[in-house]
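One structure coming up, written as structure tokens, with questions to follow.
Chain nomenclature is as follows: A, B, C, D and E, assigned in order of appearance, with residue numbering initiated at 1 for each chain independently.
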Amino acid sequence: MTDITSDITSDVKPEISPNFHKSAFAEKRLKARYGREMRFRWFGRAAIAMAMGALLWLLVSLVGTGYTAFRQNFMTVDITLEESVLDPTGARDAQALRGANYRKIMQDTLYAQFPDVTERRAKQELFGIVSASGATNQVRQMVFNDPSLVGQTITLTVPTSDQVDQLLKGYIDRDLPEDRRKVTDQQIEWVDTLIERGAIKSKFNLLFFTNPDSSDPELAGIGGAVVGSVMILGIAFILAFPIGVGAAVYLDEFAPQNKFTDFIEININNLAAVPSIVFGLLGLAVFLNFFGMPRSIPLVGGMVLALRVFPTIIIATRASLRSVSPAIVDGALSLGASRVQAVFHQKLPQAGPGILTGSIIGMAQALGETAPLLMIGMVAFVTEVPSSITEPATALPVQIFLWSDKAERAWAERTSAAIMVLLVVLICMNGFAIWLRGKLEKRRS
Amino acid sequence: MNTLSKAPTITRSGDASLENARTKFQCRDVKVHYGDFEALHGINIDIPDRGVTAFIGPSGCGKSTFLRTFNRMNDTITGARVSGEILMDGQDIYAPSLDPVLLRARVGMVFQKPNPFPKSIYDNIAYGPKIHGMTNSKAELDELVEKSLRRAGLWDEVKDRLKLSGTGLSGGQQQRLVIARAIAVSPEVILMDEPASALDPIATAKLEALIEELKQNYCIVIVTHSMAQAARISDKTAFFHLGDLIEYDTTETIFTKPSDSRTEDYISGRTG
Amino acid sequence: MTNFPVYILALLGLCMIAGFFVNRNTARTRLIAAGGGREGGWHSQASYHGFFTAWGVAIIGLIIFIFGLNVAPDDAGVGFNVAWLAALLAASGAVVIGAQRFIRSDFRARTYVERAILAVLVMLSIIAVLTTFGIVMSLAFESWRFFQKVPLNEFLFGLQWSPQTALRADQAGSSGAFGAVPIFAGTFLIMLVAMLVAGPIGLMIAIYLSEYASPRTRSIVKPAVEILAGIPTVVYGFFALLTVGPTIRNFSESLGFAVPTQSAISAGIVMGIMIVPLISSLSDDVISAVPQSLRDGSLALGATKSETMKKVIFAGALPGIIGAFLLAISRAIGETMIVVMAAGRAANLTANPFEAVTTVTVQIVALLTGDQEFDSAKTLAAFALGLVLFVITLVLNVIALTIVRRYREQYD
Amino acid sequence: GGDTSTPTANTPAANTEVPVQQSGNEIRIVGSSTVYPFSIKVAQEFKNKTGYNVIVESTGSGGGHKLFCDSPKLGTPNVTNSSRRQKASEFGKCMDAGIEGVVEVKIGYDGIVVANAIDSPVIDMSMKDIYLAFAKNVPIDDNCTMGPNPYTRWSEIEDFLPDYRIEAYGPPPTSGTRDAFVEIAMEKGAKEIPCLAEMSKTDKDAFKQAAHIVREDGYWIDSGENDNALVQTLTNTPTAVGVFGYSFLEQNSDKVKGAKVGEAKPTFENIASGAYPVSRSLYFYIKKDHVGQVPGLQEYALEFTSEAASGPGGYLEEIGLVPLPDAERTKYRKAVVDMIPYSQ
Amino acid sequence: MNTLSKAPTITRSGDASLENARTKFQCRDVKVHYGDFEALHGINIDIPDRGVTAFIGPSGCGKSTFLRTFNRMNDTITGARVSGEILMDGQDIYAPSLDPVLLRARVGMVFQKPNPFPKSIYDNIAYGPKIHGMTNSKAELDELVEKSLRRAGLWDEVKDRLKLSGTGLSGGQQQRLVIARAIAVSPEVILMDEPASALDPIATAKLEALIEELKQNYCIVIVTHSMAQAARISDKTAFFHLGDLIEYDTTETIFTKPSDSRTEDYISGRTG
């Protein structure tokens, strides 16, 4: 640069002439312009950094609160199944055994661990170490399945209560004054003793994946919600896929160019951008109130979400139909194929992967939808993993919404863990779609 | 303007082999409109059976448009309308009773850019016979595929990779593949719209040799922008200009003593 | 609901398949006897005669199915079900046998089958219209009832939102103020915060990725941004409630003023993060659509890349970018879960983003989850809000889509 | 449709297998958000003991009654929870819809507490203070001329109350908690003002208007009752108070604390003894017709009313339910065993 | 192959007016690669200051590629690499110390398709001077805009609608607009890549008249596919073929007695 300007050294603004660009003035100005260039570039980098930072923040905060939910503290105890408590008549009737007082068995088991505890309040606290519901139910199931166990002593590993679990995971500060935490000093002492004895141990939390929802955080799982989501997605796909592909094929290949076609087209583009809660209102007004279908069932959820995603599938299908060379249809027509044959035999298969990509993205979108499901009553507490599409169920995102609203610390952990599961599935779906698209682009070029 | 189209020249030809040729297509006052635009202004021409007829003319003169009237591919273009009469073997191909789908099986077409289906070579050929139910067994179909590929001079090059994709072939091979595909449905006519324009000289030579052979059995109509090619392979040549058929005669006549000055200007390279 | 109708439907499917095979084989035999398809002068191939039969079975079968559903008594027992099933089987059989009369060389089975396919395709396309129609009707009907109770101008211009009409005869009725201005203001405020976050970031990402980034950077950043687009909004809501809200609160406390956990700012920021990918990918499309010749023209005058970007490309892409922003705004207005979880329900009429506000979608959820009384203005208000929301987003979407489309065509 | 229900399925003891549930025959429960935690706890225990599927939706008491009384058909809610007694109007709806026999079950007590963050100063108040702080209109002179509530800070009501802006997060009008709060705390508070006490005798409607309407000028903020956001708001806004059920306070005793109302603190014992003035009964209602058609329905009610659940020391007490006195427990237990419908 | 490029022919010219012309660009062994593909195989040429130099040659021979080396527009193509030496007024324009941004201000360019910015006519012209900070006041800028438009022969046609969009002009007006835009930044050289190919004959004539006038003050290098145009407007002509400079001489010499048979074949229309 220096040699270009060597002939002109003045710093003042030169006359407009070809020499202008060789002047020191221009050179100096150039520096400032490059400064702006650099700053602009840094804005871009900063924007990317912010977006990536937000993503990272979100993921880190989720994983940070949620990863501990995948492990849980369990207590291993020897339980004596007193016949006098469980089956005073000795009939060994399974159904009666199921309703027996296992709570007392569990209480006695715990009291036996610390025989010197006698006071009523203290006994209650002691029992609070294990998950009352979880432990009793576990014993109940064992006896129900094998009534011959009555009278024997069995060794069982039962979940600890959520408070103890949180304590052991370090979420409850032992140094706080006693009235500021929900675990008493006594309980801490017992738990420490039990750990020393090797009775309480942390293990992988399989229950989280298999259990339905529960009122107790230590027993709550995403099993029911996952099954509900799978059903909803299945129905949405079965309905939305044919509608989406069929409508797209019609609009792209067969529809006459007229006002009505334009109208349909505007409709579809608009539907893809209508807020999802409006679809919930539609479902509420049409499926529940008008057709009188039951609340909370996956069938209705799937139908609402099918309406939600079919425009997305139409748009994706049309894009991929358009990317197929029309020469292929001409080729088929020139062989004496009808237009329907040409489209279905030659064009659709070629557009297949693109359609699939669009559908996967649509389904991923459906998997995360929450608001419409709230409108049709899918916010229920369901004690069972649903087994048919007309049985009440929740969906994973709704379960997340329900849990996120609960105040105890243990729920936050589980909510984050459920989100992690949801995100892994979504990222897999989207990743697969992106991979498919990449493969496709490569094949075309 | 239509110096010659009013009086079809087929019988004026001095070529002995053509004089006895039957007429395949008789076109009477064929006009094509795209919306309000008249792309062809009333063409009268008789295309002989067997042999090669070439359409030449400057870009946009309506060669492709006219070619596509023979198998009603214009039907697929929104806004395109054909009027006048085209008789194929004496039968009006625009008659309402005639199913264009069946017509296209009888009048095959090869396009400017080879357009094999994104399927295996075998399936490319087998597609037509399958939709027309032309074979009764797998063995028959195999035989038909082989025969078609042989006639298109492609068999030896692809016989070991019939399962591979047709789009993986070279341009020249692809063009022969689509010709084989057209032959497989046993058409009577093959229309070709600038079939060599995407090919290199060697592939073009192979294609021309193939056309040379096919003309024994088919009525071939070819659009080409290369004068030399028209001169090499066609028996008769029609020169179009701005939607009119200017001159139609044996290829020799057209290239040696054209009767219209526009034809002469065009073939000598002065216009176009 | 019992599962019997499902079995009937499944059986209908089986009947269709059976009908297809029976008559395809019949047709094939006759075809071969005639000397093969085209040679034998057959219009349609064997499989189309099969399809023709299957369609016939489908139509008759569906009629029987729907008829059966509607006449089924409440205590429909085995007897009814057997009759239903028998009717279906008999009708299918009759169709199959009847259709065999049509297996002739001149019967245009393919034409009919294709017409039926087209008819189905048309119906599928009309579902889109029906959906819109359904939305409009379901919203309009209830809204109309709402506006009989609450005058439109009070709803649109009233400054107080407190949907507390008495739900029962014996409840002390409160005033029930249905002035929607505070909730529109809240919606707008959150949307504004979201756009202030997402607008610059999304746009700069689009610019950087399309003009500056190496293919490698692009291949990493683009999918990562797409992940942001794929995260369900309930997750964003949780993030806002549990992480962003408290962070902002702690930060503001350290500065000496108090921002509630649920505030317009935290909901807006998180919504902004959610919208970034929408803006960046739409703007990316738009910027890439600006022809290279404009870039060349500017660079050839001695402009730097950023000057080219800011003064030429941006000017060219502006309509498209406006379209993208409008779509993003419509998305922000309609977003539900984030605001339900992070914005609060207090209908404050304020322009201060550090306060809690409520939005249209929050109110819809609040009014419709739980207690519903379909003749009380309180419940109907949800539909009126839904209608307004639908109309606003409809207008925004149509404008945006028109701009974007026209813009794309401009350079085609 | 109910064509598949088997008559044997409602006697679980006869069946050693887990009963097969037909869709549409699961037990559907709607209603109060206050009762919801108890209800799902019972549902879960019940499911474990018997295998029956129970679905509980929290719709608020008002919403629950509405859904419940809509239709007698199977597939509609079998049970509705309520944090107040069913109103005459609601009962009338049930009857009009053709529901033959609604069994009323009272399950226990719950206090309504005014609470704030555990670190904030105590705001002990009288019911009159509550009335003056939260009513829409209050007397502006001794003759009970009513005018818009002028109070913006607690200290304006009583000197010893803190000088905080009045800011209360409380239940929305659809909730039974709100009804009970209005009918107990505010009404009693109003009656502590002489001229209003007078009015309550002479002009009931005017009194209702004066006492039952909660202010809408931003000092009372409708919010959810059992949610994370409420606890967060209270912990982060030391000057704010929340109004919700005692059970929720109990669950979050490490973060919020209840204020004294009148003379008593909201404790388990004070609510049980009635010393804490603002408490109400919790109920659920069953459709009698559905018993026998919906397998397990009666058994569910039996589980709820069992000593192990809602008795003293039962598992519901652990999550904050205050048990009924012995006599009442026996009475409602009997109503469930014999399925005795109630009338208003 | 490079019959002439090894010995630049500038001094051999018999044209008096050119003999005293200074050399503007000296190119030594310029090669351009696109990835692995060598588009130019080592070009040696001297471009004189003032006057018009035309590049001709069949499609794909590298004319555009070479033209873009003069203002380093090739820098913007990913994968393009330039080697060899190009001196402008004796200074290496590929020297690391030289900034392409200022170079492009000195070497303007006009493209095949007119590419006005989607802004007003005024802003189209003012854009360059503004980014270079060439004027101090609005008045000065106005004056500069007017002057540039006048020199491009567009002033009279647009002076009443300076605020209207530049994209609303006709093709020929747009092409003159972008020339005005280039002139406005006071370049020394104007490169033109087939500037008339998108224009009708009348617009082309106007453009050629403009070039005729501009060549008094600028060094103009023009790529054209029209032999006639090159013959009409250029002082010197370079013929490229397959990435080589085949022949470079005064236009008269090239068109009347080309020394290479390929040049002759090309200008007589036999190849290409």
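One rule holds for everything that comes next: a contact is a pair of C-beta atoms (placed from the backbone, for glycine too) under 8 Å apart; a residue touches a chain by one contact, two chains touch by 3 or more.
Treat the numbers as computed from the prediction; the structure is a model and nothing was measured.
Asks: For chain C and chain D, which third chains touch each of them?
Replies: Under the touch definition, chain C and chain D have A as mutual neighbours.
Asks: Between what two chains do the most C-beta pairs come into contact?
Replies: A-C
Asks: Determine the chain that sits nearest the middle of the structure, using the mean of its CA atoms as its centre.
Replies: Of all chains shown, the one whose C-alpha centroid lies nearest the global centroid is C.
Asks: Since chain B and chain E are copies of the same chain sequence, what is the angle of the rotation superposing the Cα atoms of one on the other, rounded to the nearest 5°?
Replies: Superposing the C-alpha atoms of chain B on chain E needs a rotation of 175 degrees.
Asks: Report, in whole Å, the distance between the mean C-alpha point of chain D and the mean C-alpha point of chain E.
Replies: Using C-alpha averages as centres, the distance is 86 Å.
Asks: So the centre of each chain is just the mean of its C-alpha atoms; given that, what is the distance between chain C and chain E in Å?
Replies: 53
Asks: For chain B and chain C, let me know how many angstrom lie between their CA-based centres, rounded off.
Replies: Result: the chain centres lie 48 Å from each other.
Asks: Round to the nearest whole Å and give the separation of the Cα centres of chain A and chain E.
Replies: 60
Asks: Of all residues in chain D, which are in touch with two or more distinct other chains?
Replies: In chain D, residues 23-24, 58, 224, 228-229 touch at least two other chains, as defined above.
Asks: Return the residues of chain C touching two or more other chains; collapse runs of consecutive numbers into ranges.
Replies: 1, 3, 241, 302, 304, 307, 341, 369
Asks: Where in chain A do residues touch two or more of the other chains?
Replies: Within chain A, the residues that touch at least two other chains are 21, 33, 294, 338-339, 379, 388, 390, 404.
Asks: What chain-chain pairs meet the touch criterion?
Replies: So, checking each combination of chains, I get A-B, A-C, A-D, A-E, B-C, C-D, C-E as the touching pairs.
Asks: Hey, which residues of chain B end up touching chain C in the complex?
Replies: Per the stated touch rule, the residues are 99, 102, 105, 131-134, 136.
Asks: Within the complex, which stretch of chain E touches chain A?
Replies: Listed in rising order, the residues of chain E that touch chain A are 91, 97-99, 101-102, 105-106, 129, 131-136, 144, 185-188.
Asks: Which residues of chain D touch chain C in their complex?
Replies: 1-4, 22-24, 33, 58-60, 62-64, 66-67, 87-90, 136, 172-175, 179, 182, 208-209, 211-214, 216, 218, 221-224, 228-229, 232-233, 236-237
Asks: Which chain D residues qualify as touching chain A in the complex?
Replies: 12-16, 21, 23-24, 26, 28, 36-37, 40-41, 43-50, 53-58, 75, 118, 224, 226-231, 251-255, 308, 313, 315, 318-319
Asks: Of all residues in chain A, which touch chain D in the complex?
Replies: Per the stated touch rule, the residues are 93-96, 98-99, 101, 103, 124, 128, 132-133, 136-137, 140-141, 179-182, 214-216, 219, 294-296, 377, 379-384, 388, 390-392, 404-408, 411.
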